[in-house]
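The block underneath contains the structure these notes are about, expressed in structure tokens.
Per-chain numbering from 1; labels A, B, C and D assigned in written order.
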Amino acid sequence: MSDFIADIALQINLVDIVLLAFLVVVAGAVIQVRDLFEAVVLLGIFSLLSACIFTTLDAVDVAFTEAAVGAGISTVLFLATLTLTAREEKAQYRHSWSGFIVCTLTGGALIYGTLDMPHFGELNAPIHRHVAPRYIVESPEEIGVPNMVTSVLASYRGYDTLGETTVIFTAGLTVLLLLRRDRRSRDRSTSPPTIETTDRRGSHTMRHAMVLRVMSKLFIPLILLFALYVQFHGDFGPGGGFQAGVIFAAAFVLYALIHGIEAAQRVAPTARVQVFVALGLLLFIGTGLASLFAGGNFLEYKVLAHQASHGEHLGILFIELGVGITVAAVIINTFFFFAGRGRT
Amino acid sequence: MDTLIHLASWLCLLLGCCFCLIGGVGLLRLPDFYSRIHGGGVTDTLGAGLVISGLMLQGGLSLTTAKLAMILLFLLLTSPVATHAIARAAQHSGLKPQVTDAAA
Amino acid sequence: MFIAAMLGVLATMLLALVRALKGPTVYDRVLAVNMFGTKTVLLLAVIGFLTGRPDFLDLSLVYVLINFIGTIAILKFVEFGSQASNKEEARA
Amino acid sequence: MSQILGLYNYWVVVLLMMAGFYNVIARGNLIKKLIGLNIFQTSVFLLYISMGKVEGGTAPIVAEGVATYSNPLPHVLILTAIVVGIATTSVGLSLVIRIREAYDTIEEDEIQQLDEGP
């Protein structure tokens, strides 16, 4: 049996090595190409590959997030920006020797530093000796949730997650402030066309691509359903609020891509989406306050129900929901602002 | 019975991989974009379908198999649509298929 | 057996990667990226079986969905973005 | 050999990190800089996840008959970092959009010229 496990470990190592080599090649290509559009497309492959590597390294939750964010939303946002700016890098680009030397020196120093690191996969590495054993051994009983990542994320490190959700909220707010149209910019008539231009020539719009339109009608409900599954199944398998929020937003992005931004904004009016940006965070904080009023500490879910593990379950459910709502709303909002920018 | 299922799944996986490889080689070697689509098509439908069927036979009657069936369904829905959209976009952009001298 | 499948899929990924790097047209790249995504789905499914924990297939499912969205976004850009920039150049 | 296999992941991380870093400092195009930043970011993610891996362990989701799990803590940190990363990237991209609208270029040196010139 132990032979068998060692065997599998070796194979996974092999996959890991091959995928990492691919990753380096793609990164090189991303840096090399001058066409920004091609760089973004290659960045999509880069993210797919890195998510594969995360899976082989046992980080299924991380791979889940990377898959949803990197290959989907990130590509969409970069492309939307490209339509608003320029597609080509400036032609007269020169190789920067000073930059190269700085990078080589830093890299050399870092590699010298790795020589002292515990080897990959070592069981006795310092990182595995402290907090982690407690999470692994006790969290299934203490929190009652099989997915340790969820219990650490939502319960043990609830403050941390609150901070990160606030960062996402703030980022959403910043995009809103930067790209909101005031009267001045509305007067500018020379704004460039966007990814969402519902074309003046008609025949080329994706709205007229029948196959895509029918497919999207069939497909988007399934994506939304899947997002809900990810949201509420996060306690038992890979998933949770962050991933679900991104997938949920991806469904709206797909709808906007195929049916045009106006149609998408009819479904999800921007003002209402912005309410949800705040609502998710409020739900998170509200859960913390509720446990405060129930006699515990801030974000101490035990006190929320008669039984400690029930309380934990309830608390995790609510804050994951809060995270999901905020993430989805921020991404939808950001996409609307990017795609709607520059339309006359 | 077990051995039979095992054998069938083995066959499916192997065939699926073969088709994937053939499609991959096609994607690389075929002369122009429109012919390369065919290479991509083989891997996306037949290759992926056979590999997933092989895995489904391994999974037996379980949630795993149900999920695999979902994946297969989604794949069969999305990849032809995506390929269609790519080809359509290429055609709209005015990309002409390469015609050999003999045909021309 | 899963190892053979895995190696096959990895090799296909390599072929798709080469095509994505070589180009020559944008559409070749998009096609290769799309195929790369499909192969990622297969690889993840096979790895799930190889490590004996096939309950992580949700991951592959996410890939199928997101890969489609990515491809559509790229195409949308190809259809409008490039034309838009051409138009812009004409105006300038 | 064991040294190479044991540190391979970290070396790749360093390589990617420097590639991203070079892209950020050497390229003048703002979007290209953001792409470099993304590569850099991913390399950091890889570093954390590589450190969390335990030989022979599996994903940290309780299953019957499994004794060794990989370390869940880096997973939590990186999972949130990815979503925060896309949020901050979107802020960067919207800044690029505003810069383009104000200066009509996204090349760093041209922007500097415009700032200095009359």
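Here, a residue touches a chain if its C-beta (ideal position, glycine included) is under 8 Å from a C-beta of that chain, and two chains touch if they have at least 3 such contacts.
All values reported here derive from a predicted model rather than from experimental measurement.
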| item | value |
| --- | --- |
| C-D or A-D, whichever has more C-beta pairs in contact | A-D |
| Rounded Å distance between chain C and chain D, as computed from the means of their C-alpha atoms | 20 |
| Chain A and chain D, separation of their C-alpha mean positions in angstrom | 13 |
| Distance from the mean Cα position of chain D to that of chain B, given in whole angstrom | 32 |
| Separation of chain A from chain B, taking each centre as the mean of its C-alpha atoms, in whole Å | 28 |
| Multi-chain contact residues (two or more partners), chain A | 60, 82, 86, 204, 212, 219, 222, 237-238 |
| Touching two or more other chains - residues of chain B | 74, 78, 81, 85, 92 |
| Of all residues in chain D, the ones touching two or more other chains | 58-59, 63 |
| All pairs of touching chains, each written as two labels joined by a dash | A-B, A-C, A-D, B-C, C-D |
| Complex contact set, residues of chain A against chain B | 204, 209, 211-212, 215, 218-219, 222 |
| Sites on chain C touched by chain B in the complex | 1-2, 4-5, 7-9, 11-12, 14-16, 18-19, 25, 27-28, 30-32, 34-35, 38-39, 41-42, 45-46, 49, 54-55, 57-58, 60-61, 64-65, 67-68, 71-72, 75, 78-79, 82 |
| In the complex with chain C, residue positions of chain A that touch it | 8, 11-12, 15, 18, 22, 25-26, 29, 37-38, 41-42, 44-45, 48-49, 51-52, 55-56, 60, 63-64, 67-68, 71-72, 75-76, 79, 82-83, 86-87, 192-195, 197, 199, 204, 206, 212, 219, 222-223, 226, 229-230, 233, 237-239, 243, 247, 250, 253-254, 257-258 |
| In the complex, chain B residues that touch chain C | 9-10, 13-14, 16-18, 20-21, 23-25, 27-28, 33, 36-37, 40, 43-44, 47-48, 51-52, 54-55, 58-59, 63-64, 67-68, 70-71, 74-75, 78-79, 81-83, 85-87, 89-90, 92-93, 95 |
| Complex contacts: residues of chain C adjacent to chain D | 51-53, 55-56 |
